[in-house]
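Both of the next two complexes hold chain A, though its partner changes from chain B to chain C.
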Partner chain A sequence: MMARNLFIPITLGLVIAFLIGPFLIIVAASFSAGETLAFPPQGFSLRWIAKVFTVESFRDSFFMSLFLAIGGTLAALILGIPASYALSRYKLPGAETIRTIVSAPIIVPGIIVGLSLLRYIVVPFQVGITLALFLAHTALILPYAVRVVSASLGNLRSDIEEAAVLLGSSRLGAFFRVVLPNIRGGIMSAFILGFVTSFNQVPVSLFLSGPGVRTLPVDMIAYMEIVFDPSVAALSALLAFMSIGIVFIAERFLGFSRYV
Partner chain B sequence: MFQNRAEALALALPAALFAAAVFIVPVVILLSDGFRAPGGGWTISAYTDFFSSSLNQAVFLRTLKLGALVTIVAAVIGYAAAFAIVSLEPGAKGKVTGLIVLPLMISPVARTYAWIVILGRTGIVNQAFQALGISEAPLRILFSETAIFIGLLQLFLPLMIISLISALENMPKDAIPAARVLGANWFQVFWKVILPLTKEGVVIGGTLVFTGCLTAYITPAILGGSKVLMLETLLYQQVSVSNNFVAASVIALILIVMSFAANILLKRVATARNKTTRNTKGTA
Partner chain C sequence: MSDQNFLTLENLTLAYGDTVAVKDLNLTIGKGELVAFLGPSGCGKTTTMRAIAGLLSPASGHVKLDGVDITRVSANKRNVGLMFQSYALFPHLSVYENVAFGLRLKKTPAAELDKRVRAGITSVGLTDYADRKPAELSGGQQQRVALARSMVMEPKVLLLDEPLSNLDARLRLDMRSELQRVQKETGVTMIFVTHDQGEALSLADRIVVMKRGAIEQIGSPEDIYNRPTSAFVADFVGFENIFELSDGRLKTPKGLVEISGPVPIAAGLAWRPRMVTLGSGPFQGAVRGASFAGNSREYLLDTPLGPIKAEVDAALPSHELGAELAFDLPVAAAAQLRKFG
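Entry: the complex of A and B
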């Protein structure tokens, strides 16, 4: 049994070091005082973390990514909640086809979605890049929204809303007064999953960039190809803490992992 | 179940029409571009052209090879890690699982960028190699298949581990002790008991990892550079450098077909294994 007692801590230690270690190195490197990216960091300073907030393109692309993540997720939920409701509560002709269409964007690689939008929506219809990015991110989040909201509708007994209708409530009133309060947790979880997915998304946004219009991760890749200073490390660390914070709070208050 | 058909369609159609308009129609047009003949009509010459180039062949094979390698290595490490995690006490199990899932929340750009610090010319690995006297000059690890392999493995390993944890947890608790008591060695226990009972988990994890590798852009772009291409980075180069939209359409279809094929193939493997286990049950 001795061998087994050692097997567990050694395996887990190595795997966790491999998965988390690089992230810790990034955090350490962002506190460096040196000019170039290095580990172990040369000295200690907050200059690169401060620099992140002064790079104008980072600021613009951060707000672009924030807008896409919030706006795209809201739009996906506005489309996705009624669709999930119809799929789980109604006898719907072609339900499987609709489910496939709505969840298709998850199957096809993002880079192809971005390219086809650029070629066949942006160019022929003279659609602005910002709008195209918004459409692309909405389509990308839609499958997650439908999946998570459907799961949470599936956990809710449908006879309580039927009871509300029998007792004289309208179908719409029953939805807003009975169903919606009960799937609030699922909707919030879908929102957070959509937000994180959209915010970290690169391939979809790759071709959809114009003068001054770029998402933050695409901007970071462009920046690191030119400049080799620790500011991208600092920004990466800040973003990672933001994502972890959001997910941690969600898990604490909503039991996020029940839905995802 | 409500019966009102018009109401149901009114609720479901906006989402379906939106996905069709901004996603399905443009993608289908893009894919059809690869079959259009210059003078009108249809042809597959774009595909024969694509595969006649030795560069494209190399990229295609590299993508398949890296995808397969990462999937296999992730499965091996994944079994060891998942096995260790399910044998922990409940409290520790939750915390360790949290640490495994944590990287999935971090931007893939940040996670990939870390490997530049580690694998670069003056990175930790090269410093260690030189300090230990393994090599005189700094090795070129970055911008190679090795770097892409490491980056992809780190990116997708958590998906495999999570799939295997739930598979191992659903396994009957006494299956392994029973096999041991009956005289099976650990290799036989894995091959004849654990693998058949957890095949669904490894198939789900494998599909996620393999298709993830095929369609990863950030990792090959940052760790492979402009020389060591995979299909996604080749597609990007064809569009942004060569303006070759026909080649891009060809690569797009290859990527989609490969993702679907991986899904179908792995489903087949799962059902085939299912049959053999059922048969052995029947004879025993």
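Entry: the complex of A and C
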């Protein structure tokens, strides 16, 4: 009986430890005063956190990641909103096939996506590194955009558009006047999900990064291969807090979890 | 154009892809009439209504409103209102903004817009709810917002899709009188779609009964209720004993049966259970089922004519299951059907 009572709390404890543990270790390591990345941390200092801001490649790759996350997400939404609308409102021939193709980047392993983009698009067509990254990130975010926006459209009755038309609005006007305002929450959620997905993306970016152009996670891996100091831990901790902050704000103001 | 043919549908054929939903329909509706399209689901009543609204363009035929052929006029320029079954209120807008939506699109001057919107909201008794969102209102209140939103546009025709079916019994009475009030005050031509004969009978000036994409019968509520002209309509309004006539005799599962009295020239005859005379008459039947319905008692009889349903005053002595009873189907009382099947 005793063993049974302990089984659930112990399992729960282990799950939490595996989920949160690495994060706590990273956060602790980033406050280390020592010279190498180690746990338990040796002493306490903020020097590695301060150092993050002085490494030039971190700064460049951070802005590249930011550009890809925001630009890629916006592009995915511009493609994804009309696609979701068409998929949910019209009985398109092959709608299921289109849905599957659109979600493919989630299902196919990132390494394969990266390699195929490199082998069949970037190399033969001489696509620039930044453009290649931008296209890849847009494609990776698109499934999330379509899925979240579709869910939000699914909750919205379609007859309100007809009601708007009968009150004098054009079809297109009805989309902007009564559809868009009602799926705003879904669009914001898709934006945040896309942003976080893109920002944390490694495998695809790894293949497409080139001289002088890297995303932040790729740059962090490259950095660690040369320097093994706690600044990478400090940067990871900062990024983790940034993501948590974004999701917290999103949940607070938009009810993020309703759409994901 | 006169007021008698304010809205006309001419040879209207409507289709969804290859499926023809309404075939060669002709109908004339007068100004200020309150017409019901009545029929079971799939009869084409909603499709016809959508074509009048302009949400569906006809495969062939014409829709004319107030002397103008509007067949090719798009839905947003017809000035036809539609109250949706689900109300279709805009969830992100307040009651006030829902009602103001159409007037804003028409660029109505601010002062006039405010006046008309407030009058519209007041007329449906929602003055205190102007700032609420639709989700904060009850179903009945939402429907009244939908009504105000359509009426504030002063439509030439107001279409209503199953206006009473989502409401409970009490609200149904409220809405019925609300619609009658609106119609009386504004004189707007109203067409409503329903599958409920009670709704159609109680609300409409004229009923158009539809079946499989065609009009089966048009008439006043009294006509439809008392003088159905086809077996379909008779069945729909509660004539449960329906027989086809052949050479002046009733066609039954067991062959032709003579019936007393002068038999009219008709395709068939129909009797409500209440019209069946029980206790005397030329026919015999055995009671197979009996049920008590407050004021009356209903019997199901096994007879040589097939099953017969009869309804008698509950004050009369009741009959046991299995009892043999004499009954009559009085020809004089029967509805004469011109069309059978």
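Here, the second predicted complex is superposed on the first by the 250 of 260 C-alpha atoms of A that agree within 3 Å, B and C clash if a C-alpha of one lies under 4 Å from a C-alpha of the other, contacts with A are read in each partner's own complex, and residues count from 1 in each chain.
Everything below uses one rule, namely that contacts are C-beta pairs under 8 Å (C-beta built on N, C-alpha and C of every residue); 3 or more make two chains touch, one makes a residue touch a chain.
Please read all numbers here as calculations on a predicted model, not as lab measurements.
Asks: For the combined arrangement obtained by superposing on chain A, do chain B and chain C clash, or do they fit?
Replies: These partners fit in the superposed model.
Asks: Going by the contact rule set out at the top, does A:166 touch chain B (first), chain C (second), both, or neither?
Replies: second
Asks: Identify the partner contact of A:209: answer first if only chain B is touched, second if only chain C is, both if each is, neither if none is.
Replies: neither
Asks: With the two structures laid over each other on chain A, which partner does A:182 touch: chain B (first), chain C (second), both, or neither?
Replies: In the superposition, A:182 contacts chain C only.
Asks: Looking at chain A, does chain B or chain C touch a larger number of its residues?
Replies: B
Asks: So in the superposed three-chain picture, is A:30 touching just chain B, just chain C, both, or none of them (first/second/both/neither)?
Replies: Neither: A:30 stays clear of chain B and chain C.
Asks: On the A-aligned overlay, A:157 touches which partner chain: chain B = first, chain C = second, or both, or neither?
Replies: In the superposition, A:157 touches chain C alone.
Asks: After lining up the shared chain so the two structures overlap, which partner does A:73 touch, if you call chain B first and chain C second: first, second, both or neither?
Replies: A:73 contacts neither chain B nor chain C.
Asks: When the shared chain A is used to line up the two structures, what angle, as a multiple of 10 degrees, is there at the CA centre of chain A toward chain B and chain C?
Replies: Between the chain B and chain C centres, as viewed from chain A, the angle is 90 degrees.
Asks: Just how close are chain B and chain C at their nearest CA atoms in the overlay, in Å?
Replies: Superposed model gives a least chain B-chain C C-alpha distance of 9 Å.
Asks: Which of the residues in chain A come into contact with chain B in the complex?
Replies: Touch residues, chain A against chain B: 7-8, 11-12, 15-16, 18-20, 22-23, 25-26, 29, 37-39, 79-80, 82-83, 85-87, 89-93, 95, 98, 101-102, 104-105, 107-113, 115-117, 119-121, 135-136, 138-139, 142, 146, 158, 171, 196, 199-200, 202-203, 206-207, 217, 220-221, 224, 232-233, 236-237, 239-240, 243-244, 247.
Asks: Where on chain A does chain C make contact in their complex?
Replies: Within the complex, chain A touches chain C at residues 156-157, 159-160, 162-170, 173, 177-178, 181-182.
Asks: With touch defined as at the start, can you tell me which chain C residues reach chain A in the complex?
Replies: 53-55, 75-78, 80-82, 84, 86, 88-92, 101-102, 105-106, 149-150, 153
Asks: Quick one: which bits of chain B touch chain A in the complex? Just the residue numbers, please.
Replies: Residue positions touching the partner: 1-5, 7-9, 11-16, 18-20, 22-27, 29-30, 77, 80-81, 83-85, 87-88, 96, 99-100, 102-103, 105-111, 113-118, 120, 122-124, 154, 157-158, 161, 214-215, 217-218, 221-222, 232, 235-236, 239-240, 245, 248, 252, 255-256, 259-260.
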